[in-house]
Amino acid sequence: MPVRGAALVAFVGLVAFWEFAVARGYVSPIFLPAPSSVLLALGELWNAGTLWRHVSESLVRLAGGWTVGTGCGLAAGFAIGVWSLGRAVGVPFVSALFPIPKISLLPLLILWLGIGEASKIATIALGVFFPTAIATYAAIDAVPRNLIRMAQSFDLPAADVLRKVVLPGALPGILAGFRISTSIALILLVSAEMIGAQYGIGAFILQAGNLMLTDQLLAGVLLISILGLALGTALTRIERRLLRWR
Amino acid sequence: MIRITRRAALAGAVAGLAAPSLARAQNLTKTSVGVLRLSSSGPVFIAAERGYWREAGLDVELKYFTAAQQVPVAVTSGDADFGVTGLTAAFFNLAGKGALKIVAAQSREEKGFELNAYMATNAAIEKGFRSIRDFPGKRLGITTAGSTFHYALGLIARKYGFDPASVTLVPLQTLPNMQAAFKGGQVDAVIVPVTLARALEADKAGKILAWVGDETPWQLGALFTSPRAISEKRDLVERFIRGYLRGAADFNAAFNQRDAAGKEVRGTNFAETIGVVARAVQQSPELVTIGLPFVDAQGRLDVGDIYNQIAFWQQAGLVARDVNGKDIVDLSFVRGHMNVPRS
Amino acid sequence: MELVCEGISHRYGALEVLDGIDLTVRAGECLALLGPSGCGKSTLLGIMGGILKPSAGRVSVAGNPPAGSLNPITYIFQDFALLPWRTVEGNVALALEHRNLAAGELRARVGEALARTNLTEFSTAFPRQLSGGMRQRVGIARALAVDPAILLMDEPLSALDAQTRDLLMEDFLKLWLATRTTSVYVTHNLHEAIRLADRICVLSRRPGRIKEIVAVDLPQADRAMPVAARAMAELGERLWDAIRAEAQVAEREIADG
């Protein structure tokens, strides 16, 4: 706990120093708006009644994109991890497509899926899919072979070996992958909302950047950080529950 | 093979060095200007190439940027002393914080200059989108809120008396995204630069309804600097503008001439001047010839329009209410500005 | 049940590991397979249990498994092979869950196996909370829960420290004497073999061949008694002579890679 307190003290200290530096004119507010004006910008958003709209539209896209990407990524990861044909086909596929910057596909996604929610969700899903697939099959590869051999020696049917040995054995690695994929989903939120979004935290950040409204820009960034922190905490909770045995 | 003796080579080198070293001996004042590689910055390229600044005692470094909003940021941060670029809401937000002052004109939308087009998709046209009066209720793809395209909507809204908020803006950030959304019919209309408009028309994706300049002339871009430079180095600012205006005059003389019927005619030094601009924007002269903007030969601003721009952005909630045109424009460097509001 | 190996040879690619093994594991006996590391003991055990197909020869089983045996041929592993995410009782239950037992029977079998291995109070502990010796008890309990007809044990004690090994060996012996399940006990440890086995099959270094089979005539229950000490020591020396040279060469072989 004292370590956790240290992080808080350091954070508060940094923010206080930042506020002070702007207030005393060491830093121009054009370049770095004071924390207080960032909060003020957030407050304006709240008063205008659009804060919740931005957050909720983004949450829907994040949840949709992450769920689709994770579902497909798990399926692909399992196919690669437990099925040699799946591995032969899947690994080169994943290696070739993973490094593509998803943002460069936006025009194509618009042509295929339009500028509604589908293309935004697909952008996030694509970003989430590859790291999930890779984390999943790597986690399956890391399940100790002797445990599988043990299960087979007791005549467990293949489905049971998968469900009772491979899946729980791969779970830590898969959950670690979730940590990465939620961050990627948040990073891609801004890209996704480049596609004709009028609301959403990403759209708000883009607009603030395009208008050089740096206080609003940082307010949007703050919202994404808070979201990231909340998702990270939730994942830690889930990990603690599912991986109690560690 | 020609053999060059050492002495001959040395002599050549000395000769080559002579001109610049002479210039350096004049003690040129160093300064810099932020530009985009666009033909609308032609006056800058011409002034640099033809030594107009050197004659004014300046050694001007051209700093190239890739997006319009980077230029005012660079001037604000002191990375460049001057900037030339299109006017956007972002510009007015920075200028409103006391960081920038407009001192002369860059390009202007004018009748007969086909720079930016209002376009409708075939599907929208079939459904009755016949003219730009039909914008209300339609979905318009633009790059971003606060862009020059957004203002182009504001102009026709005022002209034809509809509420700009009755048009659904779809911000798509990049021109390729806009192109894709237009082709896919996800928007009813776009406002795009001439090259993209021609390409979309050639692809039979839609039709050009009107040209922005034909509809409403307006002050597209400007030359600006920091208030500090004006108060502390007024002499330098004046000399810079002198060189810039010679470039603007050359630009206008070469590219902006029209005959009595309003048809384009090639002006003074057309080919050579196109070459200068083409090299700077790194495109073929043929491509540059399409979409050459109008630049006032004397750098005069449409001041009234700048005030209108600010009012439009404030109306849209994109620029703070306390931003005032008077504080942003310095009219003392160029004579004969147009539409200067009285107050 | 009886397990008969006839002319078993095995090679991994070019590496010849076993050569012409003829061996019968008699019903109700504990047979130790003794030999230097790398001589093919684990390989032979795998072939006996049917999880490995020999390059040549065949394995057959004679007799019927006892009624109630759920997994006639059952392994106990050197590294315990416990699922870390399952509790002690969960690990034992793993061997039973797919057998479609009545809920009561499953619980009864798990409970009994845990009671026999003195694990009842640890039934809800996770493997990481247990010492090595306790973990191998779980491995043994899991094997007992299926009522095996033949137990195949691959150096089950060699991952443990000497003290734990002795304690667990005595406990295991007690359990074994109660059932006398046909067993093959692989070890490279002379003392384990002498303490547990009815017969000791000495293998040569790789490629493994049967060097000799030594019967230990004294009943296991009496071997720890002081009067038996002398006879046991003599037997130990005899076996040591048989394996020493092989062990030394094998040692070097492995060190040389």
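Letters A, B and C mark the chains as written, and numbering starts fresh at 1 in each.
FYI, contacts are C-beta pairs under 8 Å (C-beta built on N, C-alpha and C of every residue); 3 or more make two chains touch, one makes a residue touch a chain.
Here the structure is a predicted model, which is why all the values come from computation and not from measurement.
Chain contacts here run in a simple line, from one end chain through to the other with no loop closing. Using mean Cα coordinates as chain centres, the one most removed from subunit C is B. Distance from per-chain Cα centroids to the pooled protein Cα centroid is smallest for A.
Averaged C-alpha coordinates put the centre of subunit A at 39 Å from the centre of subunit B.
Between subunit A and subunit C the centroid-to-centroid distance comes to 49 Å (mean Cα coordinates, whole Å). Between the Cα centres of subunit B and subunit C there is a gap of 86 Å. Within the complex formed with subunit A, the subunit B residues making contact are 69, 72-73, 76-77, 88-91, 93-94, 97, 99, 141, 144-147, 168-174, 176-177, 179-181, 183-184, 186-187, 318-319.
Across the complex, subunit B is touched by residues 29-31, 106-108, 110-111, 114-116, 194-198, 203, 206-207, 210-213 of subunit A.
Residue ranges on subunit A touching subunit C, taken from their complex, read 146-147, 149-157, 160, 164-165, 168-169, 171, 243-246.
Across the complex, subunit C meets subunit A through its residues 49, 51, 71, 74-75, 77, 79, 81, 83-86, 94-95, 97-98, 126-128, 142, 146.
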